[in-house]
Amino acid sequence: MKEIRAVIRIEKMRDVLDALENNGHPGVSVERIEGHGRQAGLVEQFRGREFKVDLLPKARLDIVCKDEDVDALVKLIAEKAKTGEIGDGKIFIHPVENAMRIRTGETGEAAI
Amino acid sequence: MKEIRAVIRIEKMRDVLDALENNGHPGVSVERIEGHGRQAGLVEQFRGREFKVDLLPKARLDIVCKDEDVDALVKLIAEKAKTGEIGDGKIFIHPVENAMRIRTGETGEAAI
Amino acid sequence: MKEIRAVIRIEKMRDVLDALENNGHPGVSVERIEGHGRQAGLVEQFRGREFKVDLLPKARLDIVCKDEDVDALVKLIAEKAKTGEIGDGKIFIHPVENAMRIRTGETGEAAI
Amino acid sequence: MRRSTAIVFLVIMVLLFSVVWAWAGDPSGVETLQKDPGKALDFVWILLCGFLVMFMQAGFACLESGFCRAKNVTNLMTKNLLDFVAGSLAFWALGFGIIMGTDWMGLIGTSNFFLAGDAYDVNTYLSFFWQMVFAATAATIVSGAVAERLKFQAYLIYSAVVCILIYPVYAHWVWGGGWLSKLPFGLGHLDFAGSGVVHAVGGFIGLAGAIVLGPRFGKFDKDGKAKAIPGHSISLAALGTFILWFGWYGFNPGSTFSAHHLRIAVIAVNTTLSASAGSLTALLLIYGKTGRFDLGMALNGALAGLVAVTAPCAWIASWAAVVIGIVAGFIVVFGVYLLDALHIDDPVGAVPVHGFNGLWGLFAVGIFADGTYGNYATEAPFVKGLLYGGGAGQLISQAFGAVVLVIWAFGCGIILFKILDAILGVRVHPSEEIQGLDILEHGTPAYPEFYSTRF
Amino acid sequence: MRRSTAIVFLVIMVLLFSVVWAWAGDPSGVETLQKDPGKALDFVWILLCGFLVMFMQAGFACLESGFCRAKNVTNLMTKNLLDFVAGSLAFWALGFGIIMGTDWMGLIGTSNFFLAGDAYDVNTYLSFFWQMVFAATAATIVSGAVAERLKFQAYLIYSAVVCILIYPVYAHWVWGGGWLSKLPFGLGHLDFAGSGVVHAVGGFIGLAGAIVLGPRFGKFDKDGKAKAIPGHSISLAALGTFILWFGWYGFNPGSTFSAHHLRIAVIAVNTTLSASAGSLTALLLIYGKTGRFDLGMALNGALAGLVAVTAPCAWIASWAAVVIGIVAGFIVVFGVYLLDALHIDDPVGAVPVHGFNGLWGLFAVGIFADGTYGNYATEAPFVKGLLYGGGAGQLISQAFGAVVLVIWAFGCGIILFKILDAILGVRVHPSEEIQGLDILEHGTPAYPEFYSTRF
Amino acid sequence: MRRSTAIVFLVIMVLLFSVVWAWAGDPSGVETLQKDPGKALDFVWILLCGFLVMFMQAGFACLESGFCRAKNVTNLMTKNLLDFVAGSLAFWALGFGIIMGTDWMGLIGTSNFFLAGDAYDVNTYLSFFWQMVFAATAATIVSGAVAERLKFQAYLIYSAVVCILIYPVYAHWVWGGGWLSKLPFGLGHLDFAGSGVVHAVGGFIGLAGAIVLGPRFGKFDKDGKAKAIPGHSISLAALGTFILWFGWYGFNPGSTFSAHHLRIAVIAVNTTLSASAGSLTALLLIYGKTGRFDLGMALNGALAGLVAVTAPCAWIASWAAVVIGIVAGFIVVFGVYLLDALHIDDPVGAVPVHGFNGLWGLFAVGIFADGTYGNYATEAPFVKGLLYGGGAGQLISQAFGAVVLVIWAFGCGIILFKILDAILGVRVHPSEEIQGLDILEHGTPAYPEFYSTRF
């Protein structure tokens, strides 16, 4: 079992979620994070004074899936989330040792 | 060392936290996430038009613990978080390689 | 590849981020979480009645880095985040199996 | 079922128009002005004050939703809008006639329904506008006490009933030439701007509602200890209080119903000082207890002072207003703790603020009235209380009226909510209460884009 | 380029001061008061009502931003501030003269620009203040219909043009002694407080803007189905509506432009009842459809009732106000669905509320006027509609005026927005629209400390 | 220690009631009205304007908290409530007597304390109400300049002192028949509605406070560069500004203290145009600098225009109001940068808006007064400035008064804050400042359910 953690642009969220749904991977947890990478920060201003904000809003998807699904899902997400501009985000793969569906008590892949 | 990540109903939060506390596992990090799984979304409406919201508010607990405590904690959380209705959430087990308590610099299990 | 997850005080955020930046590790994801550990909760009051809030606001940094960078980064973060008071937070090390930069499709350490 | 509701409503509306078209009043206002040119100024004064009173609806809406949780804000805003909406229509249809219509045995008024026929007269319309905004205030007070758990249908019906029956009947007794105004002690029961008629009535109906509903989930823990449920927006609550204070300057001074009583200046001053004294007292009492400056209670304290001075404001001097406010501050603080002790859950403190202090205001008339202003008149007989050699007479009338008020308002309230509970159940389903009323009753979360924590 | 803008502005300002310094008016007001001592009360009444109307700007600002997304709140607030700011200056320079200046062929006014020369007179200044707050209202209505996608520069220019040209010219035709007021049917085209002149004009310019701009990204899905885009703060929207309702008590009763028409009491009552009926109707219609109590539509319904009663309020009885409000409730609900069906995106419902109901208000005059009030006078000739034996005359004038209004407002709107689009492009870049206008156009997010979700 | 506070307060209160009960005034208002029937209208006008001024408290509360961070909102709201609460009581006890009491050597007034004895008169109460809302405005201005770091106890004491001493003494010099009003140049120092007396005094006390406190943690980086600390809610700040603008229509026109000066219409127009010009100028200046439309500065600009026109509004023509507003816009923008350069931290811009522009308003009287209005009278002597052949006389009086004002307000401010600092320390502990004042001083976070980011 693996967990795919994809940091993507907020505005790409909808497309990625729909794509996942249509490919039969409904299970996902979404977090609202702030990120910093290569992307230049924003310049904001308040009462005439400008200032740089280097943390940018991003969305993170956490998807736990079977080992064999990883590549396909990563491909799918990357494709939907890509603009080619700096700030597209990243996808990380983490190992997961077990899962459990609270409602039924099922564990292992059955729980995903 | 393992990390238990439990996605649960917001309204179950309190009970689970109290249970953990009482069982001597105070250390926990809580996140407010939005999740999507089997559970059907909500229908909201605005100025006379209805629309479906498929991401539902959930709470996620991240608990790092000793390997031997995992099963007991999972059992405890599952029991407290369960309603039997769709949307109860899931629990995932991740490996953790090390931990450190910033205040003291202790590492390993001592830091948990 | 590893992921460093550091739970720190919100007011230490800025210093840690700057330190990371200056040491050439710009890539980071920041989450706003609520945590509970040894630290005593706050006492708040509303319309004359006091109550205890045991979840305290914390910030969490997720940093994916090369194995060899882990120790240096942990040292750096711990140093910057430390006050010596209860509530300084903790740092956890998680394994990461792979990474991908969505923009370019690069994978592995090149993507970090 | 719901379609039927809609239809029922339309039918009612149609019925409403079976109204006479002829009139014998003065709809153009020409005669009225000829008779008394001073009327023009009175109309301006009363209308502008009435507008301020209407604006208090915004204040209540902000205060109540600010003091409640984000998940119920849409519900509270809808209730605060609809009690004015449904209330004004119900008051137009029946309520006004019951207060101000020709008196029947000192019990109720019996004319001017739908403002039809002879009621088509500028003076009647003026009086209607004034009474209507007051009725709506009484209705809206309750929404705070029953917040976060009352079904919306029940609320709609309840508001209509308050504006048609509970409020108008009692108001008729005091302001419509009813029996209370004719009590043989002092000048009869007096309530200048409605500490009792408006606020205490609203407060005690609210108390009834809070009791019938029972406390919110989580308000009292297993061992019955009261827990605080903090409001979601202090800025909204504070703004609401400022708006209410502002609106009160219409509520009290406007109640002279004449711009030719220069006493309005004294009323405005007394209103201010009592509110200030109430707020400062409440702030310091809590500071004495917890060592922190509690804004929530200071806001309640200001309102407590305003409510308490509403009945006496025209008949007292500034120093008395300060004393009344200080006492009001004590009453609201201990009132809040009292309700907790009684396991009654009043989310925004409507009962101590409007109920208890409304009664205090009635007594204050009998104590502090100094004989400088009459019965809504600048001529004798003047109102004199205990401290100014008026004897106990006035105080007796006040006490009597207060007792009648509690019996009537609380009694009707209990009956009304019990009936509603029997018919459609007044309380929402527990799961709905936990999720918040906004989504299930209205479908619209108040802040869809913002995470809300505090599990 | 931007520096130039700043310079241009300063140049303009300098020009503005090439004004005559002599005057023949009554700047001190002494003569005016001698001639008619009653003027003092009229001034007080009109000014205080005017203040209330100005306060409606706050209501629009809250309502519109509450109904839009957090990422565009700074932009909406800036627009609502600037249309009053730029509008009042433009109106001072030219607009006022075009409405109220000496008439030229019934088409436009031609004097009193910059309030210079003889215009330095208390009466002229009073009239300016009143007309100015009305013009600003017309201008601000549009901001709702074009929200979340219109470039700010375009908005600034547009507001000035509305206050200099589109609004004043039409207002002159109806209120400035222009040709519409002289139509040979009934008493000519009548619009008491501006259902047409202010609201319908604003609404139809807004419609033009919404059409030229096209719908917001995500408002209609691939297969053209309308999707809801919920507002970010229901409490802000509700507060805004309460403020608007409050301000309307200046808008309608103040339009007698005299405190000596006691009819103001009737106007205040009608204003209230129509709003209530509109709100309740809208609430119940949606409840009939979805089974939930929709606050957003109830708020729109209240405003719909207010807009609809604005033209007839002085000439009708209370029962008619209720009917007008009920119809307004239907119009706003179906209007909202109609625009969706036409794929026109009006984020806050400005077109159904102000446009469609503005027209309904004009017709209502011809139907319900009951002959109790004249042409801004308490003497004959009185205004009589269909139901009160006035025949079809008045109704014809009303219909005629309505048609002219739509052609003028919508026509000018289309032309104006098309020109602006050709010159500087009216719509922001898609990426900017997705990110929100606050950051790129203003640099200031409205709630920098709060996460906003809803991707 | 805290209990003691509570006790002290109660003791004070008790003392307050050692008041004479006899009176020789006109508490019923009958004689006053007989002497001058016109008084009824004056009372109505002054009271309604006074209500609007009181409502400005809500505006300041919203503006200041909107411009500050969420973690200090409860604190700011409490301060804005309490300065009115404590201020009005302190002003009742002493302040009013010092402004309006029988003059002693042109320095202070010496009667009417506690509104006792002869002060129990409708005219005195009216005057008290008016002066009280003005005093509270001066007090509340300061809270913005010292926001986010001042201890609450210090604030409570400070507000009382301002309302008892600093404000009343200076106000007596200008408005109470004191020496400044008798300067031998022009008609003596003139300040129609208080650009100086209220706003500049508040602004310069605020400046003193900001200096004594020092900048907020993080306002200036190591190398002393000023950093922006954005406010948490632009919608709250914008609403606050609209409310202030609305309230200003009471502040300026009401200052005629008579409804029989039709000049009120001119005042209302000037107030509007100056605000608009100030806002537009500020917006465009920043646009010229950063290329973005800065709402925060546009809001400050509108207030700057309002403050600047407050002194001259009754004596000038509309074109002058526009010029004054434009200059005000420049002053506020450069004032904000100036303070940053001086490393003075004024979180909401209170000093440039109220302090600097208050002074500008005083000078403007000496420049633009056009001889159409007298010394709060419609008869001669009329006020004439430089541009209208009045010579330099008036300007000299204005300059002189401005200098005195700065010395008095800034001087007292420094002394007051230094003393408070010595006694109880004015600044909160750094850790408390970082965590926010809400939790430690008040225990109540303003938005407990919402995450707040921006570390």
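Chains: A, B, C, D, E and F, in written order; residue numbering restarts at 1 for each.
Rule of thumb we're sticking to: a residue touches a chain if its C-beta (ideal position, glycine included) is under 8 Å from a C-beta of that chain, and two chains touch if they have at least 3 such contacts.
The structure displayed is predicted, hence computed values, not measured ones.
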*asked:* Once the contact rule is applied, which chains count as partners of both chain A and chain E?
replied: B, F
*Could you figure out which pair among C-D, A-F or C-F mirrors the A-E interface, over half of its contact pairs being identical by residue number?*
C-F
*If you average the CA atoms of chain B and of chain C, how far apart do the two points sit, in angstrom?*
18
_Whole-Å separation of chain centres (CA-atom averages), chain B against chain E_ = 52
*Could you tell me which residues belong to chain D and also touch two or more other chains?*
41, 44, 48, 230, 233, 290, 292, 294, 296, 442-445, 447-448, 450-453
*Could you list the positions in chain B whose residues touch two or more of the other chains?*
31-32, 34, 44-46, 50, 94-95
_Under the stated touch criterion, can you name all the chain pairs that qualify?_
A-B, A-C, A-E, A-F, B-C, B-D, B-E, C-D, C-F, D-E, D-F, E-F
_chain F-touching residues of chain C, taken from the complex the two chains share_ = 10-11, 13-14, 32, 42-46, 50, 57, 59
*Using the touch definition up top, name the residues of chain C that touch chain B in the complex.*
2, 6-8, 31, 33-38, 54-55, 58, 60, 74, 77-78, 81-95
*asked:* Quick check: in the complex, which residue numbers of chain F touch chain A?
replied: 67, 226-231, 286, 289-290, 292, 294, 296-297, 300, 333, 336-337, 340, 349, 453
*Using the touch definition up top, name the residues of chain D that touch chain B in the complex.*
434-435, 439, 442-445, 448, 451-453, 455
*Across the complex, what residues on chain D touch chain E?*
2-3, 5-6, 9-10, 13, 16-17, 19, 27-30, 32-33, 39-41, 43-44, 47-48, 50-51, 54-55, 57-58, 61-62, 65, 73-74, 77-78, 80-82, 84-86, 88-89, 92, 114-116, 120, 122-123, 125-126, 128-129, 132, 152, 233, 236, 440-451
